[in-house]
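Consider the two complexes below, in which chain A is the common component and chain B and chain C are the respective partners.
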Partner chain A sequence: MSDFNVNVRGVGSVSVIDVKGYLDAHTAPDLENAFNSLLENDQFKVVVNFNDLTYISSAGLGVFMAYVETMRENSGDIKFSNMQDSVYNIFDLLGFPVLYEFFKDEVEAVNKFSDEQ
Partner chain B sequence: MQLPLIYLRKNTKLEYAIVISVILLIFKIIYPVADSFITLFVSELLILCGAYLWFLYLIEFLIVNKTNTLALILNTGILTAILFFIIAISSAYVEAGNPPTGDQDFISTVFSVLISFAFVGAFLYILAVFRELFFLRQKRDPKTYFNTMLFFLGFAFISNLFVYLDVTFDYLRNSFYVVSIVLISINSLRVAWIAFLQKKQKLYLLAISIVLTILFGFNFAFTLEETIIRELMTNFSPGIHTVLNLVMLYGTIYFGVIFFTTLFHLPTAEAFDRKAEEVSSLMDLSKLITQVFDFKELADTVTTITSNVCNSDSAWLVSQEAEKIELRSVNNIGYVEADRLTNALLLEYAYDIKDVLILNHQPIKVKINSDMRTFNYASLAIAPLKVHDEINGYLFVTRKQDFVFDDDDRKAIEAFADYAAVALENAKLLEKSLEKERMEKELDVAREIQYKILPLDTPKHEKIKVSALFIPAFEVGGDYYDFFKISENKIGFVIADVSGKGISASFVMAEVKGIFETLSRLITSPKEVLIKANEILRESLDKKTFVTAIYGILDLQNGVVTFARAGHSPVMYVNNDKVIQLSPKGIGLGLDDGDKFNRNIEELEIKLKNDDILAFYTDGINEAHNGELEEFGYDRFEKLLLKNAELDPDIISNEIMRELTIFSKDRSQHDDITLVILKWCFNN
Partner chain C sequence: MSNSQNKKLVVKSTTDNLIKIRDFIKDSAASSGLKEDAIGKIILAVDEACTNIIKHAYKYSVDGEINVAVKSDKLKFTIQITDSGNHFDPENIPEPDIQKYHKQKKGGGLGMFLMKKLMDEVSYKNLTNNRNQVTLIKYIS
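Showing the complex of A and B:
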């Protein structure tokens, strides 16, 4: 099983989560921890950068579903960026593009937050 | 060298001994005084045989009735004391002016014979006890030494007969006598068993052995002196008198040796006791390790034993798992104190504890309930519980008095900590394997649910051929497919995949089955069925879980298929040598509250032609991986469908599964695989 890595960094008032590798039921808890730490610090504006993510399973998708409501209730959001086509197809099939915003580039996603204000 | 007749049965020995004793008694009554060589010879022969058989019987008696060593010695002491008493009384009696009985009336004959019997019985018992003590704790079999001595005692006995014949044979008796003394002295040195006594027992033995040395010494002296007993015994049997004399000497020497040996063993007695206790504690522990599945019980034993063996004031044991410290057992210390001390000590020394760490005279300050308390221990030991260089916990031992833990204490603590470590590891492994077993049971249940939920049959109709294939993964997923007869000419079908795995996914799957079974009867539009299903599922599913599904209806009259898709993998439509992915818009069930879902779902309608194929499946197929982490993907799937399009649906799905298995042979199946293939076989 290839590894999964998650890294959180701040870009202005927005938090960017870099995900890398293989996100499935076994690695999803790592991502959950990252989201939990954001909530603890009242960080509700989140961009997830998928640049290095090669696979996502339904359990991985479930993580975003679990947190998006809380983010939106606190005038934040989870936005996705830099997704590879194979990963995007999975999101697309499920109809995520209707529910979440997807961006080609992380900067666009981050800027979208400031535009919203 | 074996003693003759030793293998006789115990009861036989007793019978023979009694018979000979009775004959001897009668003989002695008839011939109170041996006035010829013949009577003396017969008398001595009977006595020797009788005494020998009694001796054999007593040996076996002592072996069968295993008595405590010290109790044996005490018995010997009592017998010796009685002998001494009798001798002293009788001497006093004679000295008081009563002449030794010269005339032999019947009563006094019987009386003196019985006294002699008592003496003989007593010294035989004593001799048997000596033999028992002699063999105690002997590693090699030393019976030759003892038996040789017995033979010489026998020779000394018999030599008296020769002396009777001719006084010049005196030298013969004397030499046997001397040799016997030498052998007795040699045999008296076998006192290894003393070392194994506890200190208290040694003190007791010391006292008793000095008394016994003196008593035996007196008895020995009295049998030599001109006492009435000497006369009585000599009269009864000159041989017995000699042997009695030697046994008394044996007792004097033996107990003298015992006294001095015990005296020299006393200083080391405590250390020896401790070692012995350590060894037996460790043995108890190692038994416990295999028996106790409950770690708490074992931890209690470890702290208790450590406290006892190391003479400590308190001991406690903590386990450590992933930086989490848990107090498992305390001995003679409060729970809170132990907890705070542990925290304080580990905070300060945790990185230094590779082996047993001993802190001497270091006050430890801890805060208990907003109270600063200082613990002044003379010595405190912290022993890591190590298995394969991994620390699973710590054993703490403290001592308040002045003596600090020495090297022996350190070794003992280390040994106990090692045992606790192994036990802790065992307990952990056991827990893990129980957990694993529980999970496997759960998966079995999940698999069972899944099989019960899936339909047993595929629809049968002249215009269609349907195959359905389901292969669960080890960690059961939540795949589901089903067919519903909606009306005479309409068949409903559904394929769904619940996110997540295991028993929870199985339960959602059961719910999904209920929803579609009901909705298929109530609502005719596939799109509306999915909208309603989303409403229901949105209420019941947790945030993280969603369900992808395709629901459709096939009209058997005209081959029109109407279906809608909720986030599920596209339908593969094989028509005229090409494969088309049918993917009408639609969001997964349970992802959205309703509004967006309802606005974004489309219904698709296609009219099937002869030999058209529809393949519904779950992502277990396209997401199957090979050894290089490559996905099976849609392309391979499409090609296989095309290649086998001419064949029956059953064969097509077998072919696809075969290819899939070959492709992913290096990887375990990660997700359930479901494949439903429908072929239209009617030219309309």
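Showing the complex of A and C:
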């Protein structure tokens, strides 16, 4: 069994990344690869669905830090949804809530992109 | 009831061992009388400390050793992590500016800051034989 899994799917013009398991310094490169593939395909509107993510370390948060500006420069963004409290608390400790939008539900996050147009 | 204990884990400096280190801390902390929320914070702080050792002290060389020693009594849970990699001066590491890091598309530099937020005490020491040691303490209340 793998300790981390990342899956990318399209919902309209938005790319949804499902993350599952443990996101740490060992597994963060898998998430970087997912973001690199999106950039190669000019996909800049991203929702990360955290429903099945049970653990994150700063190596995982660093991936979002490294990519979000590029998305925003291209009229996109990285938005977060379905986060467990224990995972949200780490984002909160590092002051991420003022820099990112967090949604309870994936649909709300996806719809926010069409509202912004 | 909390019992005093002394445990040790030695692993090579590879990121696939982080899960082993977290499991070791989880098991040790569970038998110390700490609450689940505090155990989660300790696991993450130790992960951050070991990630820094792998990245910065050993610069991803896989031959390094990370020695994790756990000690607990009624009052506190102490973790001492020792490596033989490059020295660093914690005084020279600035507090992270999260907004600036985003603008710079920088994906690191948060670990030490997070450790301080998660633990009650964090200290760094240079030992003999070119070893470095970081000590993390959580009070048991």
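Rule of thumb we're sticking to: the second predicted complex is superposed on the first by the 115 of 117 C-alpha atoms of A that agree within 3 Å, B and C clash if a C-alpha of one lies under 4 Å from a C-alpha of the other, contacts with A are read in each partner's own complex, and residues count from 1 in each chain.
Just so it is clear, a residue touches a chain if its C-beta (ideal position, glycine included) is under 8 Å from a C-beta of that chain, and two chains touch if they have at least 3 such contacts.
Note that the structure is predicted; figures quoted are calculated from it, not measured.
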Partner chain(s) touched by A:S114 [first = chain B, second = chain C, both, neither]: neither
Partner chain in contact with A:D3 - chain B first, chain C second, else both or neither: second
Which of chain B and chain C A:Q84 touches, first, second, both or neither: neither
Touch count on chain A, higher of chain B and chain C: C
Which of chain B and chain C A:N33 touches, first, second, both or neither: neither
Chain A residues contacted in one complex by chain B, in the other by chain C: 25, 58-59, 61-63, 65-66, 69, 86, 93-96, 99
Interface residues, chain A side, partner chain C - complex: 3, 22, 24-26, 55, 57-59, 61-63, 65-70, 86, 90, 93-96, 99
Complex interface listing, chain B residues touching chain A: 497, 499-501, 543-546, 548, 566-570, 583, 585-588, 591-592, 596-597, 600, 629, 631
Residues of chain C defined as touching chain A within the complex: 15-16, 18-19, 22, 40, 44, 47-48, 51, 54-55, 98-99, 101-103, 105-108, 110-111, 113-114, 117-118
Complex contacts: residues of chain A adjacent to chain B: 2, 25, 54, 58-59, 61-63, 65-66, 69, 86, 93-96, 98-99
